[in-house]
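Once you scroll down, you'll see the structures, which are given as C-alpha cells.
Two complexes come next, and they have one chain in common, subunit A, joined by subunit B in the first and subunit C in the second.
Moving on, here comes the complex of A and B:
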C-alpha cells in the first residue's frame, strides 16, 4: 500500500469544496421541496388544471376567501391553536419547573414519561384520545380537539423550558427572596422574566404545530366546524380543487413565518434562550 | 480550643445584644456534618470574617444566617430576636452572592431598587436612595444599563449596592471578590472596608483567602470541618494561632517536630532550642515548633536567640523579599523570608548548597501540641 495518493490529497488542503457532499445536499433539497414547489406554483395557475400551468393568477386565492366553509374552518383552526398554545404553555412551564426542582426518583421518572408523547406515533395518540373520549361519554367537538392538542403539546414546551430552567443560577431566585420577595414573587418577578424568550418561542412553536396538525385533529374532531386540515382532507376525497393549493400555500407561508419568529425571539431579546432544540445549539 | 468552651469573644458591649448570634448551630446532610455545634457572637458594626478552606462550613453558616438553609439544630438570633424559623424575606439581612445573582432582565437601577419596592418604599424616596447608592459605589450614570453590559467589577458593585440600599442590620458577603482579578480585588478590599466603616453596618464576610480576611476584618473566625478553630482579631489568629491547623492555614508556617522539656524543645533532628517556659505544655510532650518565615533571622543574631544550622536548598527572589528554603534535616525544611534591604544584590544572597545559621527570638516561636 502506497501512501503517495493520500499524501497528495493532504497537500491540496482540507478547505476545498466537498463536491460530492454539495451534490447530495442539492438532490436532498430538490426531492424535499419539489412537491411543495408544485403546490405553490399551481396555486397561482390561471387554469383549473392540476397538471398544466397556464399563466399567473390569484383566482384560487379569491375563491378561498369566498369559500365560507373553508374560512369557517380556518377560524376554528386558529381558535384551537390559540387555546392549545395557552393551555400547553401554562401546564408545560409548570411541569418543567416541577421536574427541574423536584429531584426525587419519582421526578426523574416523570421526566422520562413526559418524553413519551414525542416518540409515540401520532396515529396511536389520536386513536387513544378518541377512544378515551368515547369511553368517557364525551361527544367529540372542537373542545376535544383542544384537549388532545394540549396534551400532545405539553411535552414540547417542557422539553424546551427544562434545559433553560436547569441553566438558571439558583442564587438569582435566592437573591430575590433575600431582597424581600416571597417565593411566588421571586418566581413572577425574576424567574419567569428570565424564561420569557424560551416561553414565547415554545408558544409560537406549539401554535404552528397545532395549526398544521392533521392526525390528532382528524380523530378527535366533531361535526362543529372542523379544523382546516381535516376539512382539506375531506374536500380532497371529492376531487382536488385548485383552491386547496392556495390554502396549502397560505398555511406553508404562515408556518414558515411562525417558525422564523420562534427562532428570532431569543435574538430579539439579545440573549441566549429560546429554541436551542431547533437551532441545534 | 474549639468553639464550645471558648468564651464568646467580642460579645455584647454595654448590654446591647449581638447583631448575630449563632447558638449551638449544626447542619447535617445525611451522614456528613457541614456545621458542627457552632457558637458565634458578632457585635453590631463589626467586620467579621468566616475564614476556612472549601467545605469547612463557612458558606453553610452564612446561608443559615440568611435563612437559605435551615439548621438541623440550634438557633439563629439577629439582635437578640430568634429568627431560626423565618424565611429569607422576613429577615433584616441582605446578601451579596458569590455569583452576584443580578437580575439580567432589569436595569442596574431597577436591580438596586428591587428590595425597596418589595418593602413598599415611596417612589420618590426609592429614586433618591438608589441614585445615592449608585453614586456611593461609583456607578453613577450607569443606572439605565443592563447588568449584562457591565464589567465584572461593576457587576460586583451593583450586587453590593442592591444589598446595601436596604440598610440591613447585617450584610452577608459570600466570597464576593473571588471572581475578580488580583489587582481589582485588592482595590475592592480597601473600598469594601471603607464603605463598611461609613455605613456602620455589620458585615459577615466569607472567604478562603487569609490575606483578604486579615486585611479587612475586625475579627476572624477560622473554621475547619464545621467548627471554629479560633476566633479573634487578625493579629491574634496570625501571631498566636491556637492550633496547628490555624498556624498552617494563616499563611506559611514552619512546623518542626520535637519534644518539649524544661523550657526547651528538643528537635527530632537533634538540637535543643530555648522556647521559654510554656504553661499547659507537659514535659516530654510531642510538639511542633512553629515560627513564621519573616521572624527568622539569617545574620546579626541577638543574644538569647535560638540558633540552628541548615543548608540552603532554594532561593526565591520576588522583588521586595527573598525566600530561602533551608533544610535542617532530611524532610525538615523551613522557609525564611527576608526583606531585600541589606542583601539586595544577587551575589550577596545565599545560594543552594551553602550552609547557614538561622535564628529567632524564643518568644516568636509557638509550641503547638
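Moving on, here comes the complex of A and C:
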C-alpha cells in the first residue's frame, strides 16, 4: 500500500481504469452481438449452409416473401400486437392513474394483483391462460392470444406510467380545478397531455414485446394462422431452413427499431432519461 | 425492476374528496377486474386442476385426490427439479460474475457514453428471444466461433462440445436473461455515493479491498434484485434446454410443456406447475426477508 498524492484524485471517485472489468465488458459485447451478427450474416448467404458463407444474395428474403404461410403469420402477429397494444394501454393507463391517486384498501389490492405477471414465469401464465380458455369451452385462436397478451401487457404499461404519474406535480391539476375545471376535465386537459410521451413510449414497447412474445402465444394459439414467433419456434426445433435467418433478421431490425423509438420518445418531447422506461423507475 | 417499488414513492399530502376517490376507483376498476378475471382466476384453476385426474381418453377431470402430488415424489421428477434449480442458480451466479464488471465499467468509467452503452445492451435483449437463442446456439455449435477460439488457445480439443451439455443449457440461460442482472446493478452503481470509494482510498484501502469492503456491500441490493429477476425466468425456461441441451438436460419447464402438449396429462402438468411456483415462492420469500433485513439495518 502506497500513499497516493492527493492531487491525483481528479476523476470522480475512481482514479484508475479497472482493466479486468474493461476486458470482461469487451468480451461481453462481442458475445452479445455475435449471435445476432451470425443470423444477419447468414440471411444474406448465397448457399444453404449455416456455417460457411458463400457470397451475398437475397434469395432467402425472396423465399420468405413468397412463403404464404409465413406472410399470413406475419400479418397475424401484427394484428395481435396492435390489438394487445390498444387494449393494454387503455386499461393500463387508467389503472395507473387510479393506483397512484387512490389510497384505499382496494387500491393496494389492485397494486398487488398488477404485480403478479411480473413475478410469475411466462410458462405459468401460459399454462394458466390455456386452461382457462379450454375450461370455458373457448376454442384457441388468435383471439385467445390477444386476450392473454392484453392481460400480460397491462402490467408493463401500469409500471411505466405509475412512476411518471407519481412524478407529476399534483398542484397543477389542483390549480386547474381552482380555475373551474371539473376533475375529469383536469385529468383530460392537464394530466393526460403531460403523460403523452410515456403513454406513447409504453405503447411502442408493448407492441414490440407482444410481437416478439413466444411463450404466451405458444400456449394460447390455435391453428388459424399462428403468430410468427410460434412458427419460428417450430422451424428452429425441427431443422433450420435458411429462410428463418431472413425472418429473424427482419424481426430483429423491427424490434430494435421499435425499442430504440420507445427509448427516444421521451427525449423527442424534450425530457431526459429515456432509460427510466426500462428500469421502471 | 418493479420488484423494489411495490407502492410507488409517497407523494405530498393531497386534498382528498369523495368525488376524487370515486373517479380514481372507477378508473382502476376495469384493469383490475380484467386481471382478476383472466389471471388470478386462471392461476386458481391451475391449482385446482393439480388435484384432478384424467379419464381414460386423457381428458382432464376435476376432483380431489393427491395422486399427482404424490407422483411428484417420483425420483425421475426429483432429478429434473433438482437439475432445474442447479442450472438456474449457476446461471444466476454466472450472470452476477459477468454483469458486475460490465455494469461497473459502464457506470463508473462510461463517461458520456454511459447511456449509449447501456442502451446498446438493453436494446438487443428486447429483440426476439427465439432468434437470439438460435443465433447463440449457432455460435456455440461444434464448428462455431467460440469453440474455434477455445481450440486455438488450447482450452478445448476436437471432442469438446458445448451444445448437448449442461454447460450449453446454462450458457443459454445466461445469454437469455443476463440483462435483468445488468440493469439493477447498473442502477445501484450509478446511485452509489462515489465519495464512499474515495473515503476507502483515503483510508489507504487498495483497489481490491475498497471494492470488497465498500463498493460490493453498497450494491448488494442491486445484486439481490438481479438474482431474483434472472432466477424467475431461468426456472421457467424450456427453450434453452431444447436448443442447447440433450435428453439428459431437460428442465422442469420442458416437463410441463410435455404434459400439456405431447403427454396430454393436464392435471399432472398443473401439479408440476404448482411445484415450480412453490420453489419460486420460497426463493422470493428469501429475497424479501433479505431486503427487509437490509432496510432495517440501513434505518438503524
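The working rule: the second predicted complex is superposed on the first by the 251 of 281 C-alpha atoms of A that agree within 3 Å, B and C clash if a C-alpha of one lies under 4 Å from a C-alpha of the other, contacts with A are read in each partner's own complex, and residues count from 1 in each chain.
In the analysis below, a residue touches a chain if its C-beta (ideal position, glycine included) is under 8 Å from a C-beta of that chain, and two chains touch if they have at least 3 such contacts.
Just so we're clear, the structure is a prediction, and the values are computed from it rather than from any experiment.
A.B. asks: Using the superposition on subunit A, tell me whether subunit B and subunit C clash or fit.
C.D. replies: Because the two structures are overlaid on the shared chain, the partners are seen to fit without clashing.
A.B. asks: Considering only C-alpha centres, what angle arises at subunit A between the directions to subunit B and subunit C, nearest 10 degrees?
C.D. replies: Roughly 100 degrees separate the directions to subunit B and subunit C.
A.B. asks: In the superposed arrangement, does A:56 touch subunit B (first), subunit C (second), both or neither?
C.D. replies: Touch partners of A:56: none, neither subunit B nor subunit C.
A.B. asks: A:119 contacts which: subunit B (first), subunit C (second), both, neither?
C.D. replies: In the superposition, A:119 touches subunit C alone.
A.B. asks: One more residue to check, A:69. First (subunit B), second (subunit C), both or neither?
C.D. replies: A:69 contacts neither subunit B nor subunit C.
A.B. asks: Touching A:268, do we find subunit B (first), subunit C (second), both, or neither?
C.D. replies: Touch status of A:268: no partner.
A.B. asks: Touching A:172, do we find subunit B (first), subunit C (second), both, or neither?
C.D. replies: A:172 sits against subunit B, while subunit C stays out of touch.
A.B. asks: Just to be sure I read the superposition right, which of the two partners does A:256 touch: subunit B = first, subunit C = second, or both, or neither?
C.D. replies: A:256: touches subunit C, not subunit B.
A.B. asks: See if subunit A has more residues touched by subunit B or by subunit C, and give me that chain.
C.D. replies: If we count touched residues of subunit A for both partners, the winner is C.
A.B. asks: With both complexes overlaid on chain A, does A:194 touch subunit B (first), subunit C (second), both or neither?
C.D. replies: first
A.B. asks: Check the residue A:181 against both partner chains and state whether it touches subunit B (first), subunit C (second), both, or neither.
C.D. replies: A:181: touches subunit B, not subunit C.
A.B. asks: For the overlay built on chain A, what is the smallest gap between any CA atom of subunit B and any CA atom of subunit C, in Å?
C.D. replies: Closest C-alpha pair between subunit B and subunit C: 6 Å.
A.B. asks: Common interface residues of subunit A with subunit B and subunit C?
C.D. replies: Touching subunit B in the first complex and subunit C in the second, residues 174, 183 of subunit A appear in both lists.
A.B. asks: For subunit C, which residues count as touching subunit A in their complex?
C.D. replies: Those residues of subunit C that touch subunit A are 1-3, 5-9, 11-12, 14-16, 19-21, 23-32, 34-36, 38-43, 45-46, 49, 98, 101-102, 104-106, 108-109, 115, 118-124, 126-136, 138-139, 141, 143-146, 175, 183-184, 187, 194-195, 197-198, 201, 204, 206-207, 232-233, 235-239, 242-243, 253, 256-257, 260, 266, 269-270, 273, 276-277, 280, 284.
A.B. asks: Can you name the residues of subunit A that touch subunit B in the complex?
C.D. replies: Residues in contact with subunit B: 169, 171-172, 174-183, 185, 189-190, 193-194, 196, 271.
A.B. asks: Using the touch definition up top, name the residues of subunit A that touch subunit C in the complex.
C.D. replies: Listed in rising order, the residues are 1, 3-4, 9, 12-18, 20-22, 24-25, 28-29, 31-39, 42, 50-51, 91-92, 94-95, 97-104, 106-125, 127-132, 135, 147-148, 150-151, 154-155, 158-159, 162-163, 166, 170, 174, 183-184, 187, 208-209, 212, 214, 219, 229, 232-233, 236-237, 240, 244, 248, 251-252, 255-256, 259-260, 263, 274-275, 278-281.
A.B. asks: Which residues of subunit B touch subunit A in their complex?
C.D. replies: My answer: residues 66, 68, 87-89, 93-95, 97-99, 101-106, 114-115, 118-119, 148, 162-163, 166.
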